[in-house]
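In the two complexes that follow, subunit A is the common piece, with subunit B as its partner first and subunit C second.
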Partner chain A sequence: MKGWRPPAPFLLLLPAILVLAAVVIIPLILSLYSSFTPFRLTQPASLFTLIGFRNYVRILTDIEFWTAFGRTVLLLTVALNVEMLLGLGLAMLVEKATRGQRLLRTIMMFPMMFSPILVGFQFKFIFNDNIGLVNNALQSLGLTDQAIPWLIDGSLAFFAILVAEIWSSTSVFAILILAGLLAMPKEPIEAARVDGCTPWQTFRYVTWPFIMPFAYIAMTIRSLDVARAYDIVKIMTDGGPAKRTELLWTLVSRTAYADARMGLANAMAYVAILLSILFTVYFYRKLAAARTQIAAEW
Partner chain B sequence: MATVSLEKLVKRYGALEVVHGIDLEVADREFIALVGPSGCGKSTTLRMIAGLEPVSGGNLKIGGRIVNDLPPRARNLAMVFQSYALYPHMTVRENMGFSLKIAGQKPEEIAPQVEEAAKTLDLTHLLDRRPSQLSGGQRQRVAMGRAIVRNPDVFLFDEPLSNLDAKLRTQMRVEIKKLHAKVQSTVIYVTHDQVEAMTLADRIVIMRDGYIEQVGTPEDVFQRPQSKFVAGFIGSPPMNLKDAEVVDGQLVFTNGDRLPLPARFKDRVTAGQKVTFGLRPDDLYPAGHGIHSGEDADVHKQDLRVILTEPLGNETLVFSDFAGAEWVGRMLNPRRLSPGETLPFCFDLSQAHLFDRESGRTLRG
Partner chain C sequence: MNENAKARINGILLSTAHKIGLFLAMTVICLPGLWIVLASFRPTVEIMAKPPVWIPQDLSFDAYIAMFSGVGQGGIPIIEYFRNSLIISVTSTAIALAIGMAGGYAFARFRFKAKSSIFLGLMLTRTVPGIALSLPLFFVYSKLGIIDTHFGLITAYVALNVPFTIWLIDGFFRQVPKDLAEAAQIDGCTRWQAFWQVEFPLAGPGIASAGIFAFLTSWNEFALASQLTRSVNSKTLPVGLLDYTSEFTIDWRGMCALAVIMIIPALVLTFIVQKHLVSGLTSGAVKG
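For the complex of A and B:
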């Protein structure tokens, strides 16, 4: 008896489809589904109760969620801008180096080689109010005679996290912008100098438009990174004091694992992902526009 | 409008000296071409004038003012680069108006100047395009437009036509000549193409290994080369240059073949002197297929064997065997020759050159 045979393309794709289904599609559907249930890890049966959009309604009207959301956006905006400026400065300095440029490039990437958890611990120590380096230095220099509660005061703690984040990731910008600078043809810069540009004008009108796409690539990568910031914050403040440094993902993980409310946490996660997608789309558009402008062939 | 003076100008990179104290006076509104083989220092010299390379020694004056330490923007020059160096993110209009914008002119002042230059260069219909949407020739015209708009004291061209194909190059050469006639600026033009130098320049500066070999009008450098190098560099195909010795008022070549000593040099050489004999292909032709410019008595006839011919249509280059070497001659109103054929050749010795073999300098007075 001749049975039905699936078409060859389907058969050939089947292994890939199975793997994808197992590791991506099914978890995705399951988590999306659970965001419509009051699922708690402690009550497995709750997975089968559908409550419609109640989780979403709840988080969208929850001031705590919106505070964390806003704080994440703030962290993202400040960190990206500062990293961009510092990275640009670093890249331009390294580009000027006539000797040891390779070595400098490698050194520049050191912060990226550390696990964020370790960076968190390191900065937790640096900003410690009793034995931390920062307070020690400030007091030794006579700038203050008090122990500044870096990780205890809400806004100072946010600042400390920001510093750790920037320290660990400025090199992403530096490396990508340096790549742009090295790829840039030198003649337009010389033409600009002969055309009467001061060094600043040369940068503003010729160099910057050329490296803009590279900066946007770094922005895209880093916006995804910061939007899911978790490890550094978890170690340094764990969202504290009194939730003053709570970010989206620390909130999500607390809801999911400490409070065991998985359904609610999944709903939060989907809203958080929306934020990432928005930023990515935004920077990607900027990137495309910048590339067209310089007629990039890549 | 300005004069440019190079006084003992030196360029060093670390311990390596690449331009060795050259002197040059460029008159106001003069078109000067710097030519020479690659690595002769012509581009480096131009870049020093532009201010893109610091001067290591000597003085550089533009309009009588020493500009050694002035940045490019304070020199009021315009430069056209080999690779065009257009700003890729700006339209043609913005590219051309950029220097004026930087100089602080208002948009309504810039527009008419850009339009004017665009009209001169036939770019009006391209003003809103980006460089990436233009052909090589069009980009080169934009680069020139960008230079014209500045109304500079001195135009600098760094091998501007090297990236164009042969036909476009000829066309742009004519445009540059017209342009110079129109804007009447001082022009310093670097090229390795002697045809460009010969056709465009009022005077040609021939450089070699960081020294100036000769400065002169195109006729000067072609007809009165000061050295063996210039003689071999200018002219295509190059001048026949063969070593010989003066014996009994004759030139004896290394294999023993002889030619009469050209009358002009009779009193300028001594017996036994080692010389290099130079004769342009135009002055070596099969009898009846060339023109001699001096007295009949100065034409020496000799039978030579043809090795190879290169027919070019209106003329044929004939490679023949003499004095144990290959000599190239130019045959006008050519007829078909076959290799191996022997026929009478004319040496127009009134046009011959003699150089001292040691120093390479000309023996002409």
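For the complex of A and C:
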């Protein structure tokens, strides 16, 4: 083996792999281990008692956990779909604009610069039942004379969180879909029109397949970062009132830091991690498929 | 009414509807942010007023003055927070860029076994929710004694930023034709020289925008920072925002002012890179 040199790509990727191993993989292995123990921060010795799958059995039979899980999946599904539709609409509105497109695009990126925690505060302020913009506007317009408890009522709070989430992430979709619309060659659309397609048919069979990969890029990027909703919820309601807006992530954080039950929290965290991975792999696959299709057709 | 007039009216109606739709959409996007900026200039009485005061009567910089006037006078250690945020974001961005450039170059220029699975694997490390990662990191960091240090947070943010940086930089290197570097090598450059003198300058703007994206991620991160920082030694601005909340009340005006301070650097940087950011993310969408 004298003179054997490791292949160049391996050497180039080594630093990335080392950092990720040190900061993500090894801690995750540790947390996988601790999810099989009754570990509490206050009792360090409990790290060395193995209890098998008891933590997992416990959370999987826990109605509170499943409620949070279901709510998280519901939030993600609704948010991603609405973001996708609104993003598509916004991109098409901006693409049609004849003047000031640069300015419009800049404004469109505005929410992307907001840190999720800022988005949380901002909407907590806007939806505040007493001094918030929404209630003030509704009352001034005479639509209602009482303070609507936006962040206190369970389903209203869920709606408010959804609004915040959608506001902050629609622009990711809009920007990427707009990039797709601008990159699209114009001849096929003209050809479709000449052939007598209705606008809807043109959109459905010509434009849509072309911008699909761009939509999937946006989906993949978003699903890499779905847990940013944690910051928003943490600030807006912190899972409350009385756990009516509890998401998987706030539940993990409460179990770990407020109750100090690390083992149990780690077991929950693993479910959250699996959920994120599932979302990402799904969209990444779709993205790869859409890419090959577009490469074959165009 | 003849066909022509009908078509013209239709056209006018459509373009008006388009303008109204555009205007409404932009209003919804801008309004929440502008409301925060406005609130930061208004006195607390006016924010709290019932019935609401719609037209601002009394605008001032009081909130900003109070914020900088130090702890105890309604201020928070904003200078320290700002310094921490800046040190942590800049350092972690620089390291993530160096690592990401090596990795992105490997993906863009070499063929190797299991390439796409390795790529997906790297991306998947990014999907681990911050709060889920914070549990073991908190434990490891407290064992190592690096909780509440710059070093701890920088390391975490490097790992957070590397996957996405690799994705972006891979895209930018793909846009640089392979032949250029090969031509340089035929002319007598080493591969190393060819990289720095040909490919790097061409991919430069893209790499810069990948850096700014990484900077923004670190600048805005909250889930990890809230657990791994304790005091003015390492608290960053997003965590500092919580200083304005107490058990039952929130100092809305002060918080809005801090929000404005936080958003300005992000705003400026995003404007600079917006064009490259989009092209980096979408490159390869069509080419495969």
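For the reader, a short list of remarks on this structure follows.
Convention: the second predicted complex is superposed on the first by the 270 of 298 C-alpha atoms of A that agree within 3 Å, B and C clash if a C-alpha of one lies under 4 Å from a C-alpha of the other, contacts with A are read in each partner's own complex, and residues count from 1 in each chain.
As a working rule, a residue touches a chain if its C-beta (ideal position, glycine included) is under 8 Å from a C-beta of that chain, and two chains touch if they have at least 3 such contacts.
On a predicted model such as this, the values are computed, not experimentally measured, just so you know.
In the model built by aligning both structures on subunit A, subunit B fits alongside subunit C without clashing.
By the touch criterion defined above, A:Leu74 reaches neither subunit B nor subunit C. In the overlay built on the shared chain, the residue A:Pro185 is in contact with subunit B alone; subunit C does not reach it.
By the touch criterion stated above, A:Leu60 is placed in contact with neither subunit B nor subunit C. Contacts of A:Phe10 after superposition: subunit C is touched, whereas subunit B is not reached.
In the superposition on chain A, the chain among subunit B and subunit C reaching more residues of subunit A is C.
Of the two partner chains, subunit B is the only one that A:Val206 touches; subunit C does not reach it. By the touch criterion defined above, A:Val194 lies against subunit B but remains apart from subunit C after alignment on the C-alpha atoms of chain A.
In the superposition on chain A, contact is made by A:Ser171 with subunit C only, not with subunit B. In the composite built from the two structures, the nearest CA pair linking subunit B and subunit C is 7 Å apart. Shared interface residues of subunit A (contacting subunit B in one complex, subunit C in the other): 294-295. Against subunit C, in their complex, subunit A makes its touches with residues 7-10, 12-13, 15-16, 19-20, 22-28, 30-31, 34, 89-90, 93-94, 96-97, 104-118, 121-126, 130-131, 133, 136, 139-140, 167, 171, 175-176, 178-180, 183, 213-214, 217, 220-221, 223-227, 230-231, 234, 249, 252-253, 256-257, 262, 265-266, 269-270, 272-273, 276-277, 279-281, 284, 288, 291-292, 294-295, 298. Of all residues in subunit A, only 185, 187-188, 190-198, 201, 205-206, 209-210, 293-295 touch subunit B in the complex they form.
Only residues 18, 21-22, 25-26, 28-30, 32-33, 35-36, 39, 47-52, 54, 98-100, 102-103, 105-107, 110, 112, 116, 118, 120, 122-137, 139-140, 155-156, 158-159, 162-164, 166, 216, 219-223, 227, 238, 241, 250, 252, 255-256, 259, 262-263, 266-267, 270-271, 274, 278-279, 281-282, 284-288 of subunit C touch subunit A when the two sit together in their complex.
Listing the residues of subunit B that touch subunit A in their complex gives 50-52, 71-73, 77-79, 81, 83-89, 98-99, 102-103, 130-132, 146, 150, 156.
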